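In this document, chain identifiers A, B, C and D correspond to the written order of the chains, with residue numbering beginning at 1 in each.
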Amino acid sequence: MNIQTAIQGATGYTGAELIRLIDAHPVFQIMHLGAHSQAGRKVSDALPGVSGTIGDTLLASADDPLPDEVELVFTALPHGASARCVQRALNSGKRVVDLSADFRHRDVATYKTAYGVDHPCPELLSEAIYGITEFQKDTLLAEARLVANPGCYPTSALLPLIPLLRAGVLDTGNIIIDSKSGASGAGRSARTELIFCEVNENVRAYGLPKHRHAWEIEEKACFFSDVRACIQFVPHILPMTRGMLSTLHLSGKQPETWCGILMNAFADKPFVCMLAEGQLPSIAGVAGSNRCDIGISVTGPDHAVVISCLDNLIKGAAGQAVQNANLMFGLNEQAGLSRIALWP
Amino acid sequence: MNIQTAIQGATGYTGAELIRLIDAHPVFQIMHLGAHSQAGRKVSDALPGVSGTIGDTLLASADDPLPDEVELVFTALPHGASARCVQRALNSGKRVVDLSADFRHRDVATYKTAYGVDHPCPELLSEAIYGITEFQKDTLLAEARLVANPGCYPTSALLPLIPLLRAGVLDTGNIIIDSKSGASGAGRSARTELIFCEVNENVRAYGLPKHRHAWEIEEKACFFSDVRACIQFVPHILPMTRGMLSTLHLSGKQPETWCGILMNAFADKPFVCMLAEGQLPSIAGVAGSNRCDIGISVTGPDHAVVISCLDNLIKGAAGQAVQNANLMFGLNEQAGLSRIALWP
Amino acid sequence: MNIQTAIQGATGYTGAELIRLIDAHPVFQIMHLGAHSQAGRKVSDALPGVSGTIGDTLLASADDPLPDEVELVFTALPHGASARCVQRALNSGKRVVDLSADFRHRDVATYKTAYGVDHPCPELLSEAIYGITEFQKDTLLAEARLVANPGCYPTSALLPLIPLLRAGVLDTGNIIIDSKSGASGAGRSARTELIFCEVNENVRAYGLPKHRHAWEIEEKACFFSDVRACIQFVPHILPMTRGMLSTLHLSGKQPETWCGILMNAFADKPFVCMLAEGQLPSIAGVAGSNRCDIGISVTGPDHAVVISCLDNLIKGAAGQAVQNANLMFGLNEQAGLSRIALWP
Amino acid sequence: MNIQTAIQGATGYTGAELIRLIDAHPVFQIMHLGAHSQAGRKVSDALPGVSGTIGDTLLASADDPLPDEVELVFTALPHGASARCVQRALNSGKRVVDLSADFRHRDVATYKTAYGVDHPCPELLSEAIYGITEFQKDTLLAEARLVANPGCYPTSALLPLIPLLRAGVLDTGNIIIDSKSGASGAGRSARTELIFCEVNENVRAYGLPKHRHAWEIEEKACFFSDVRACIQFVPHILPMTRGMLSTLHLSGKQPETWCGILMNAFADKPFVCMLAEGQLPSIAGVAGSNRCDIGISVTGPDHAVVISCLDNLIKGAAGQAVQNANLMFGLNEQAGLSRIALWP
């Protein structure tokens, strides 16, 4: 059985990763590649890493109609542009996993506050299923027409946070998330602040006082745990390409029990690996895989540090999109996804 | 059909890459993992990137007997140690792909000159098949008990060099190979000159006046082309983990014809991609894949620069080993190997 | 006027930085270089960056007697070894700036808890002056025989923290310091976890549940502010050589006033640069200089994020040592120190 | 004695390095900073590394008139723009060190071939003195109104090449220069190919078949040695910020004598360090200093590899400019320049 797919926004970093994953997928096949700006070029000219048959494909415009055979569309376009593209795909009867921010929020007001623009297609918001795979219901994914793939920071924050919020052990007024991301999270755009010599041998925080993803973390932490929490979120950009590490500084009761809570939560989740207490994860352990590794260190009678690591382009974007798509089409959740990192 | 394999030297960088590739291989399966120094530990404790079932495997000693079911052994041990391990595997009826330098040379004298020690098992040299897959005969690989997997520098140099030598177009007295390698080529050993702060933001040449791999390049260039050439080889270590770029400074006749010669040579080779004249390859285009990309620029009426790029741990080591093993066991050459890079 | 100095531990990263700074200093001169392990070699053989006359100096052993003319000794040896060396220098009438941890704590019990060994020279602890220059009294430095140079993490944490603690605006039960350091902070030692391929494209926290420098931060925050605070400290190692960024997640009252408090505190301090509110510092802005840049973003009615950046080998080690030595000898605090970064 | 200077093009990487060097110079002082695109901003807003008094300077436009007190102007603008700026400075009676390519060639035809545009001020070409300091006559520099500062690649190539050409030992038909440069050589421009994720973990050759600097190397090698040589030049961009390593693959007679030839040539040159035969330089040994380190390995009876390393922004640009300016104004050649690298 094959399922034909299209990728919109194929020439960005997330699009390139989708091509790599789907090209190796046992069921999904790439039938159509659309791009925001490089339509008409060969894929291999726009993406240095793509070779073989798929490399000879000509890039369509993101506005071009999709082939009839396509059942599933991945949209990895900038916010705003993505929503329109999603709408066209749904109207032509396709199912969609949207990797932009456009369908992550339930509420147009939050979207406008976080992204500074009016939502282009508010009528679709109510049917979008938020695809944090480990916490979303398989049945909802199986029926979804539109899955909103989570942001990379929210994925790294929510995976450890939701089980602890559900367990009621956290001091919800004092949750601090200090995140560190590789530069690929900023996308493939030619801005002076992103050129090599400005990022290399450098670190800086950005997006303060409230980064866009802070809204997403707050909303989804509450949605999946039924607990309202006050979350401080500070992201940093690091001199590396891939990977994300989030350090959660937490207080609450009986932190020595939290490792067990997290182990239980992820016992049957193939892509989340909860380490033994005191063992700390590293980005190198997950880069190139769809895994999120989580570790905890109890630092006081009512304090602990929880650290989560993932590859921002895989579990934080394209990999989780494939994981969601697998469940949408009744496939094995792990189809086409690796649990082993590309190391070193 | 499954074929059980063992990996000896599983905790080095090449061993880790073998685990990743074989874990995802459609036919080969990992039954046994041996290590030089970390025997008794769980694989996931020794290798941060390995998770899932295979991560729970206990590492055997490289001296432990191999399970009966194992048909194929990959040896990725230091030279000298590898030869002994190969001998034991052959004696117990296994077939072997050896990734060390121990069986690359036909002649014990060259081995001693290049590696400074007497060869431990000279009696096996004559039956070793040198596995530069694109130029080795499939029939020889199909029957081989022992395949000597080429070095990374030799692979990057020989792929573009052999077709040009065979065509008789090169000035054979004046072949210069200037190679640049990521630091993973130096292996996972705790030496001051390899620690981060000594390699980062730094470049240096090393191994002069004659690096070990210079002997291998000279011998195999001659063996596969029947042309004796004088080759100057200078390797450099770069501040990056993976990847190798070799710049061949060549003179000879009608360099405008060389691109065609190379295109013909690799027309049916899935893992060598000859670019259009004037187009230059980059490491980023091949890292994470088993590809070697080659480009050429004609720089004068009798000069050209030919550049080849590969991932030193894949096409330069573990990937080519799997490619050879595929042919040894009658499988599709591409089984379990990717032509798409992990980019960015 | 010239003042002759000696550097003990000259071949580590901090020692090398001391050589660079003092070689360019208008008053201090290098008369003697001692090394822990490379005695007898030429400096330029042990340190690739040192050339010229000073490069031809032969390294003495750290145990060798010091020339009579030497008035000032910088000791940059491992803890434990440094204390003995300091004692010998003091006994021969020299003044000392010790860059190890040996004389930072007032209390032998804290030292033993943090460093796991008994203090070798407890009798000297009471006279050591802790050299966080901006907060230490000039008169004490001017008379000191022994200055304990602060750790890099404590410097980056204490500079922003002490003025806010003194002002009484912080919630002292909830101070979280999330620090990120370049790999040079781990020193020049050949350990597998420090080799290039293990640090590059990677980030990890370490030293939990309580890093050695956490004790120093707690003790000195209290000593210089008379306020006892509960501090959570989590350090991370980054894929870069130099630089340190500490993110302080703080709560308290009227955070909109904190920028002014910090501006006042550092108004006359040439090496601490307090940025305008909302402007965030970066490591690239300070690397190669003796500056610490501090920025603040008010993130809620009772929350703010304060970020400090410095070069761990300069303001976090050798540069602050020279700054202290300048004041010990009645020189201009800025002598031989730069406020302009090596950028990019 | 102070000499007032202006820097045109202050906000690029070379301009920033000029600010750092001149701010610390014992005689030269910065009176005026002009910028191509950021006029009106404070220097510290445009350049993260600049603090203190100089950071508060407002950037003038590169077209603004220069203060009367300015005696010396450094122009670090893009080619074409620089020539016009130089002309205005000369017309107002200033002396100029131009760091662009505009006055390096004697011949307008070569300039047009290499840079693709007509020369804006051909009448000034004849009086420009090419400032490869070690080979230029001090008397010419002392009298020069206009010094053309060499390119970074030419500096790294010419320093080892000229003495060997002068000695008549090289096979002049077969000189191959394989150069590796940090990304700062490409300047501070927002192009997709320069963003972090495209340069990091990557290497590529560029500028083929004939890079602009190849013309400069050929012309100046001939000018300073009176020997016409055929030079093949291939530059590569590396994943690092600063530094340049050029590998010269040379053939000729009695290569065992070449180390001595080079040692003699540079015996009294403070910024060129010729290493003992077989000892190889590294970029880390020179980055942050104005040194060029050169090493040689004799690789055959008529072959040798000569390797030169320098910091492309210092000895390859701003440092050599200051070195030339020192001689223009009768100062010590070493004034304000360091022979010790910033290491690690």
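Assume contacts are C-beta pairs under 8 Å (C-beta built on N, C-alpha and C of every residue); 3 or more make two chains touch, one makes a residue touch a chain.
Note that the structure is a prediction, hence the values are computed from the model and not measured.
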Chain pair showing more contacts of the two, A-C and C-D: A-C
A-D, A-B or B-D - pair sharing over half of the B-C contact pairs: A-D
Between subunit D and subunit A, distance of the C-alpha-averaged centres to the nearest whole Å: 45
For subunit A paired with subunit C, centre-to-centre distance based on mean C-alpha positions, whole Å: 39
Averaged-CA centre spacing for the pair subunit D and subunit C, given as whole angstrom: 35
For subunit A, residues contacting two or more additional chains: 13, 184, 188, 197-198, 200-201, 239-242, 282, 284, 287, 344
Interfacial residue positions of subunit C with respect to subunit A in the complex: 174, 176, 178, 180, 182, 197-198, 200-206, 208-210, 232, 234, 236, 238-243, 245, 247, 249, 251, 278, 280-284, 287, 297-300, 303, 305, 307, 344
In the complex, subunit B residues that touch subunit C: 13, 183-184, 188-192, 194-201, 239-241
Touch list for subunit C against partner subunit D, complex: 13, 16, 19-20, 23-24, 47-52, 54, 184, 188, 201, 241-242, 270, 273, 282, 284-289, 291, 293, 338-344
